[in-house]
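Each of the two complexes below includes chain A, the first together with chain B, the second together with chain C.
Moving on, here comes the complex of A and B:
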């Protein structure tokens, strides 16, 4: 059976750890991650990643800045403009680079932000006096530094920062000196990165706990996309995050409300990229009313919120729900009966036998995974195979010049995709095309249709290389079945694991991931419980010092 | 609007601003170069300018319709180059297997190395079928070789946004290490020419003192943090430190009168944006494109950097409209992308002519300024290059043609259209370019076979 690929071994051309073997599919070799050596026995500890630093994403930087300087305003978009990417998730620490243009951007952002002192409760008026004493300066440094670095400052850090302020005062005004001091905090690596360092400095080899404050930050930035709140910081101070139970208590607290779990919402946005519907090119013949784009984005955003916080948070619901989050206009576009034209966004239950079910039938995803004028069974199929089942298919052979299958105006997509049945293509396309062809009842913007070029659409498919192999008729049936598969549950767990660890494909994470996928939370398919399992795992809370 | 500096800081004030007055012992090599440059050290003798375009270019548009190697009829898209034809070299028959991608692979066009897929779940024939930076790009490599004494290694400008999926950052310092472009001319001006514009001497002094102190503090924090890390994690902070040092190098303000004589008056761009969003089909702004060319021009003329790159259009964002090139708003399938698909070669030609006019304008400006200490112009020591990251086709292009402008210290035999007898790796002409700029490498990227002898003077 086709299984997950070890990304690292694929990307780097080799991996010393053994894997579960390869399967060959008509020329398509698909590696498997199963059965890594030494991980089957749960009593054998997994190897763990080394202590590290994780660059705050632009959004996390902005959210942190808002805590220490509430008047600083929005800076995330500007910072994004000089930060490269290249991963499923924006927090992936393995692809973030501090290029000189980005550091200059940070420098100028800090310069601008540091002038916005008026909203900060941390700024004491005693600093602005003619000759502030050491107690005043030290007090400010201690408080501001703790807020900025998300941990108490060591005494030597307080002393150095205080000394810098006094030096600034020799040539600058009180306000400018304060701004300069704040800039040193905002540019410090302790501000722009979050650390995952041992609780006690040690050069001894072995597994170590992250410090309580680093655990607090890791939990907070993962769930809320921002710095730890006072309850988390208090818990860190009281050493309540030293145990998995203590961590779980705060994870559940922060996961409990949709308004605080911004990071989790971001996870689903980045996983499904549904906001790209705002940018995806669509021919006016396909989409004449551009306002539908944002409605589709809002549908998916609202639907994810609904499933995660007002329903059962289950993967099967996410992929197979018989409801969505619609307003009157979008309901009319979808052909959902019984929704008044002026209705605001709300949960709308579909009638029995309706043609849509769950996330995959949202206009946002269907539109993003399509061309300007035509649907794209290959893109849709590859997305499901890759992002929902975590099964990757290889690129086309190097001697194949890939060109999009243009609509000839006289055939259906299924007929055009029949050219993939030739031996050179079918090995991989047999894995992708059926999954995509099941959604052919939706055009390039997700409008339901029964014909294409006046020919009837056949959305029945036969799936292979899944645990649900067999015949399916239409998108709703397939979507519901997908949500119940073991592969989908394990794949979601892998995505949540990667997001929480802020990296993908690291060899040291393989064992931890395999342990995770064997847990009852993954079996249950409850996304919030899977996150609790991830955030209380050794992979998240501990690190391994090599020497 | 022409901006004059309110005041020219005296050398003493300036030095004090840097913490160097009164016999300060911190006069490091970095400061030495920074100070000497800020006070008008003679411009360096080699420069490189890069113009990138995407969405592909058909062979018929690139090739002269008639004539021979030297008396060729100028192709329509290069019409603005006619005044400079004696300094121009059109060359084709290059290939780069790594350029292949739905809309090309901009990173690989400049690095000539195979890159990893940006999203392995998206097929290469789909929007999103793009790649990650695959190695150091030509412009950044040249910068590392020739820009040591300049305040800025290289500048990288573009007219479209920053999302890597749109392949707009063709410049990179290595694998997965994009060197981002600046899309906003106003921000670009501040970055290249500093914040001293309009400042008093005291403000200049205080700004420099403060900025330097902050950067010093950061170095202490970085060293402290590095003590808890090892390997790749430690290297992340080395990268931060390197970037901080690059920033230090740039802090020198460019003051009127203190700038090189080649600099001329600086014009701050109008606060215009609008080209920086990659998706959709909104109209581009001619003014922003021209302002970016001006930045490139002034950065080279003023000796701020010897290397400037300008991506006039990335690959996948080619739906953006060019109304100032005659594109009507109601066309189906818009922009260069749509014109290729709809075979609207007249519009593609006009868009190219607009871009080529910018390149010609830059060259003319360099040609009009004497190179200090020589009998020639700054253009004599400059090489401009144009390449389309999409190659000779709109989709999956990998066969490239290159246009060079300037003979760069007489390395190239210009005034010619050359179709090489056999296909060669694109990297080979990059080796010529490196050699012309005084870099004696014999390979670049993964496929080099060496410099192309037919191109040499």
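Moving on, here comes the complex of A and C:
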């Protein structure tokens, strides 16, 4: 299901006050990673979070169910409908809200799925016979349980479930008994959650490794959005995930190809929400051909794939590339020369000095961050500050009634936004507006233009509060500069870290995040290497038991 | 329009209709709270009917000559004209909590509407909502004291789609699928259309409790090693499972014929095109819940404060939220939104017809219900003053209905000292049997609205 956009002052990822407490009121906030709870000395190990249970996202649940019961069908959209959200990422455990309707929804989903055994290779005929013996039942429970729980069952778990089945058989048909047995697995916390069990059962306090199987799941759900594959389970069984090197080997394997790294692709989708172009309202005068919407979505999806898996995977390329992923129709819309009208989607290099560069100049992002008829420099600027540089700007003060600056038909957006030059507004708008005004060469659907209301557009801006401060002329120039800022690198690292940890801004994660942002991989800007650093760090692989 | 399928009426008529009895005995019943019933012994109920993004002032507010002399003709309230004498249009009230803090104005309005408190972190209300307060204080003995229903209430940010809160930061998601709402109300005792294996029979119950036993043990096991925060989460999950099991046990009401109605089936309850079908099914559910006394405090949200959807069945292709920003007073956007408002009122009228056709003593279910028809902002430009509050019904028989009252200035100069909507929440609570002098943030008024 598409995630819906919050509009008005809260345009994209606007949960500033709740994210890590780095927000200050009334002006610039230029703190990103790190914070109070860390330890400044990099030689002292960070204190680590407590062991957790992480609710599978609806998509992860569906992908897991597809392995366990291939006939169960699509359930993610229905599960999403009762699960609260409101963060960048759908896996964010700090905003997922369990509710009675959701628990009921999980129950009904399990009930429905348990009746759909036809596709499961795990059901052997001996189970449905008149008097199945212990070997037959135990064998099924062992295999089915391992698939459902992503770990081998303990013997007493096998015994309990087997005897439950035999009890069911006394009063119920074989089919009903089996479906009841399957429901005990699908309603289990070991199915619904991803657990962080310690490798050694111990009640002592102190730092513990995640068990190998829980490491396998943590890696797999983060990168692939699904349960561990056989190679990962094998590695867990052979104790090859006990070291960071062993983990890194599998992380690199799964990260290596776009078809396994479904979770990473989802990360970028949720971060940029570019699919919202499909349902963002556009006046027919601005967009008369709705088929462009899906082309724009496909452009960004293909571009992210291209950068991450066929180019250098670098943030500077993601934000500043001199190419995109276009077909003939979209290339014509953008005015890119030399692409045949019937050309299918492919990498297309821009001519020298072209007016576009990187992700921020895609029609999808430009269109989502604009109104129905006019561009929105504030939304665009707030997005760049907040989501790309992790520099949150607070919401407007309570006594300001937020209404869009209406296009009066006789001025440019830059002129209209001059009204923010007053003490109450300028503290934040001086940070946001220039970044958005640099993209004024793109209208509400990302069409290139040089004039607005027959007045020339001035897209030159001053970039402030970054490591690349200076004067820039036009969107391509600014986009390339943003991609090289230290702030963007650290911000991407923070986002990848939040996605992997499945939560945002938790105090217990701050020290780990601080350490991450100091690593060479973050400095390099290579997104895949940053992910390797995240997934091999103590904050991902180890936990601290408090009592 | 009487609904012959629900025969509790007959039962009550036989009992004289004057006995305050635990209407529907069920295994986990605790004694009914007397204050929750009116002087005739009938339950008093609340329906909050929410529709988004304020109203078009020119077509919503009726022409008013005096408090009791006003004309609904031509307004978007006209579909409710048959209930004008049971109606109170409350002009000039402001939602002070929505002016109190920073944050998105729609989110602040949603978070504050039923909690009477301001929003935290742009996401959640900071206190319990009125429906939950009433359910806690008055709902003992009722199968499902409160119920939240949603019609395409899908905004990601809970503060954009949710009105009910169990407490600070504890939003209660509305149920989207009418079939799921049906199961909550009636248990799984009735097979859905086309399903021949009812789950309510004894063997299914036994099977279910056996499954639940095992799962409960696993929750307890996981809890032993999880960190404190997640232990609380697991505990909450396990509690909800227990409550679910309780709900799935078929209610005794079966024998009274109150649930001999097939479960509603809407193929894709989250699709925009399904909105009319889902709303209609949900309204049926409200009628069933009230007339069978299965639930008393229901919040029904139609769309959400994002409302970025067309209404194609009305021929309206533009998105509501965008239009609300373009619709100061007149023009095409205002006309489109007026059509939506009229349609919302027409749908509400179908429910009121059912409730008014069901007798309770010499009154009707509608008389014993208070319907609050509301939005999260007053108008598309987000003003939180002159909120479009309309009440229908008179559960405690103490209200002066049939009036259009003015509680403050309609224009934007209203200050924080004019009547805040917290007073309206207090008035509603008092009428339903919960004595309180303030609700929500105590800074915003004490006592109910004057002249009710």
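The rule is short, and it goes like this: the second predicted complex is superposed on the first by the 509 of 547 C-alpha atoms of A that agree within 3 Å, B and C clash if a C-alpha of one lies under 4 Å from a C-alpha of the other, contacts with A are read in each partner's own complex, and residues count from 1 in each chain.
Assume contacts are C-beta pairs under 8 Å (C-beta built on N, C-alpha and C of every residue); 3 or more make two chains touch, one makes a residue touch a chain.
Predicted model only: the values in this text are computed from it and were never measured.
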Chain A as common anchor, with chain B and chain C clashing or fitting: clash
Contacts of A:53 with chain B and chain C, given as first, second, both or neither: both
Which superposed partner A:187 touches (first chain B, second chain C, both, neither): both
Which superposed partner A:397 touches (first chain B, second chain C, both, neither): second
Partner chain in contact with A:176 - chain B first, chain C second, else both or neither: both
Partner chain(s) touched by A:339 [first = chain B, second = chain C, both, neither]: neither
Contacts of A:76 with chain B and chain C, given as first, second, both or neither: neither
Common ground on chain A, meaning residues reached by chain C in one complex and by chain B in the other: 7, 50-53, 81-86, 95, 97-104, 107-108, 160, 164, 167-168, 171-172, 176, 180, 183-184, 187-190, 193, 195, 197-198, 279-281, 371-372, 395-396, 398, 401-404, 546
In the complex with chain B, residue positions of chain A that touch it: 7, 11, 50-53, 55, 80-86, 88, 94-95, 97-104, 107-108, 160, 164, 167-168, 171-172, 176, 180, 183-184, 187-190, 193, 195, 197-198, 201, 276, 278-281, 283-285, 371-372, 376, 378-379, 382-383, 385-387, 392, 395-396, 398, 401-404, 432, 546-547
Residue numbers on chain A that touch chain C, as the complex places them: 1, 3-10, 14-18, 25, 49-53, 77-78, 81-86, 95, 97-105, 107-108, 111, 160-161, 164, 167-168, 171-172, 176, 180, 183-184, 187-190, 193, 195-198, 279-281, 371-372, 394-399, 401-404, 543, 545-546
Of chain B, residues touching chain A in the complex: 97, 102, 116-127, 132-133, 153, 156, 161-165, 169, 173, 176-180, 182-183, 190-191, 206, 209-211, 213-214, 217-218, 220-222, 225, 228-231, 233, 236-237, 239-240, 242-244, 246-247, 250, 276-281, 319, 332-333, 337, 395-396
Of chain C, residues touching chain A in the complex: 99-107, 120-123, 148, 154-160, 162, 170-177, 180, 183-184, 199, 203, 206-207, 210-212, 214-215, 218-219, 222, 225-230, 233-234, 236-237, 240-241, 243-244, 269-270, 306, 308, 318-319, 321-322, 325, 381-383
